[in-house]
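Shared between the two complexes below is subunit A, which has subunit B as its partner in the first and subunit C in the second.
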Partner chain A sequence: MNMMKKNSLSVPVRQYTTKKLIGVPENETIQNACQKMVEFRIGSLVVCNKKVVGFFTQGDIIERVVATGLSYTEPVSKIMTRDLITADIDTPVYEVLELMQKHQIRHMLITEEAHITGLFSLKDLVDAERQFLETAISSE
Partner chain B sequence: MRIAHISDSHIAPGAFRTEVFNQIVKEINEAPFDLVVHTGDVTDSGLREAYEHAASVIKTIRKPLVILPGNHDCRNVGYELFEDYFGDLNGVRQGEDYVLIYVDSSIPDQNEGRVGSSKFTWLKNRLIEYSSKKYKIVAVHHHLIPVPKAGTERNVLFNAGDLMDLLQKYDVDLVLSGHRHYPNVINTNGMVISNAGCVSCRKVRAGDVCSYNDITVSPEEITVAIKRVRDPQGDKTSQEYRYSRSRSEIFVSEGKRLSRIVHITGTFFSDRKIFETTKYENAVKTINSLSPDVVVHCGDIVDKGIPLHYELARKYLQTIEAPIVYTPGPRDINYIGYELFPRITGGIQNFKTPLFCIHGVNSSQYDSNVGSVGRFALRNLEGAIEEQEQEMSIIFLHHNVVPLPHIREKGLLEDAGDVLRSLCDLQVDLVLTGHSSYPYATKVGNTIISNANAVSCRYVRSLYGNSFNVIDIYENLINISEIHSLWGSRRILGIWKRNSG
Partner chain C sequence: MNMMKKNSLSVPVRQYTTKKLIGVPENETIQNACQKMVEFRIGSLVVCNKKVVGFFTQGDIIERVVATGLSYTEPVSKIMTRDLITADIDTPVYEVLELMQKHQIRHMLITEEAHITGLFSLKDLVDAERQFLETAISSE
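Entry: the complex of A and B
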């Protein structure tokens, strides 16, 4: 990452973190969880059992459910990622991006005082630019 | 940590109440306060003799003290003297757990305030530098959010919305302000705003008395007690506010969706290019596909209040399948719009379902961009909310009740402080507004506030382009999303637990 990019992304990831997470209980069926993703138009869900115990994304659904033929009535605990990759909320954005690159993930769970309190996704970072482009190409 | 928050002492012959100041200082000196913060207007005139007098009075406070300048301190170029007597105009005070960042918001010889672009960047850099501090506190003389009993609300910070947005992004816990001579405490999305009243000035409002705010910050909560002093013998009344410090939430929605409201504004029907037809038509396709229970139009329906534009409004609005309720923006009632608005829209109407009652409110005035609800109308509204049978109350009006990012305070209601306090006290669930063309949602007290972007006007303030809001009400939460007019792409603006969910 060159110096210019590093400087512009040196702010804490706190600034881009969504601190309101949408979750499902461990025993929720895969189908119900997917309906929740559609309802809220979101690409990931945390799995909770009092605290966050797992996480899964749209990509995981394709890879672990559709591609393998797993029943939609199975609980989400069967497909969720249990080994959670996290970053502290005061980590600079460029370090979080490097971690995401290393682990090949597009969502990062964010912790504060060792508790998962938020989510950072690549989509959050590029949303503004994407919609700006949409507007630009639509000029009448 | 415990903070004594004082403000607006106005130490000068005539305005200053010595006995009250001495009594409060005695109380502060005897209590275990870690810090005293004076949020400005120490003097009344900013003159050298005023500073000398104030310095001799202020030194009776025997606790760690931070003083920041107010608009009165900067009168007569008093800002050049402030540092000689009270220290830096802008600065940082830190302890092991906390950081206090204080900012000079004064503009020479004006009552209004501003945190200009260089200072804004300085503040942002300090917030980044101290991001990991457990307790983050920012102090600024001018209030960020409208204060009740303020009379006409025209002295809020010009860029209060930008400042609020910045402070919330960096999880600031507490904001300390003064200026309005009336104490007010409010929680906005987890950030507690403490406005101190006058500590020792006679110029109190609504028959109030002098007061200070006694603040305790702990890992779990922030407590602010407004301590009023009635007389030198100490006949006091105290109001206490408690807020949880937890800002993050995980929403495990178990209930089904109960209702959907589409919230639009700024259609700007016109024969001029200001109205973008494709954006409106695409937005209507999306709105119809969302099947809302009701569409709430918060005004600026037409470009101008003339028959041609209202005829276009009639033609285009009938393409929306759901029932629509309207309140006018200033444009809708100018020229002969005051006659055409009720003819075409049916006038301001309420909308009721078994779950909620939506109350329409007029905030627009003929040939004026300044908004006002008015004392008489506010009292009627309060009565209507108290009498409604539904569990949820929703209000819609054109003008903003809180400052928004990228907008100067001009879009605010002139009685925003009283309106906001009243709606929060009545636990109104939702307030929908439309001025300023900026998509935004926040929570003030227990009241969620949604502002919609212009749906089809060429002039927008949002980088995301034109959009409208969709508000989904579930058994236990409310979700507000912005939907792009042209493309239908969606972005969550905020999710909150329902008051009665």
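Entry: the complex of A and C
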């Protein structure tokens, strides 16, 4: 069983990476950014100024906006994370999970040739596992 | 491999359920509730009035508070989910995942003898999988 488990998480994170990165400009208001999260049903956004300059998650909004009482009309540049944590798209899933655990994050920006091109989230992994399981059950 | 996967998700959800439910009263302000989420590093809260009367997640705050421009000083009773979706603690994990997919939720309230006593989240499942993997690797 260990080998089975290990194999499924030894594949490159590429397999679970979504390329549908949604971005907002630095001067976008926090409220508008949250409307975008709702519209696209996503838990995070990248902030772009030609290239990716920041990133923030729903958890960041809770912590840095609502819990502290910051106005919704402030720009996302005020609350975005600037020190971006990334992993190359060929990194094995289990290494990415270890990095996410170390940094206590649920989303990892994925790079190809040093450019950010995708996102890996815990939700993506669980969704993939569930789909695998449903296929297994329906093929019996 | 299918069987391996399936076995790991056929166990009762009890195995992945946390009993550390954190609650707030109905008249708690949204801002204070978010401070509690940050303090306890959790993504959801139950709302209690002797028994559990509501539930909300970080995603609900984004959608029902920030995106709509609701004041942080409103009580959580204004935005909480009242129609609670629950699963019994002896339900197999894969059935709970199917229910979560159907309702498009990432957290499931867990009941024992019809009383809400715990919470199962996608994060709990991934954390458990990662720990299993680390044990498997370190025992080689």
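Worth a mention:
Simple rule for what comes next: the second predicted complex is superposed on the first by the 122 of 140 C-alpha atoms of A that agree within 3 Å, B and C clash if a C-alpha of one lies under 4 Å from a C-alpha of the other, contacts with A are read in each partner's own complex, and residues count from 1 in each chain.
The rule is simple: a contact is a pair of C-beta atoms (placed from the backbone, for glycine too) under 8 Å apart; a residue touches a chain by one contact, two chains touch by 3 or more.
No experiment lies behind these values; they were computed from the predicted model shown.
In the superposed pair of complexes, A:Q35 makes contact with subunit C only, with no contact to subunit B. In the overlay built on the shared chain, the residue A:P12 is in contact with subunit B alone; subunit C does not reach it.
By the document's definition of touching, of the two partners only subunit C reaches A:L97; subunit B does not.
In the superposed pair of complexes, A:V65 makes contact with subunit C only, with no contact to subunit B. Look at A:L122: by the touch rule set out above, it reaches subunit C but stays clear of subunit B.
Applying the stated contact rule after C-alpha superposition, one finds that A:V52 touches subunit B and leaves subunit C untouched.
One of subunit B and subunit C touches more residues of subunit A, and that partner is C. For the contact definition in use here, the residues of subunit A common to its subunit B contact set and its subunit C contact set are 130, 132, 134. Within the complex, the subunit C residues that touch subunit A are 1-2, 4-9, 30-31, 34-35, 37-38, 43, 58-59, 61-63, 65-67, 69, 72, 94, 97-98, 101, 106, 122-123, 125-126, 129-130, 132-134, 136-137, 139. Looking at the complex, you find that subunit A touches subunit B at residues 11-12, 14-15, 18-25, 36, 39-42, 46, 48, 52, 90, 112, 117-118, 127-128, 130-132, 134-135, 138, 140. Interface of subunit B with subunit A (complex): residues 128, 131-132, 169-171, 247-253, 257, 276-279, 463-466, 472, 479, 481, 484, 486-487, 489-492, 494-495.
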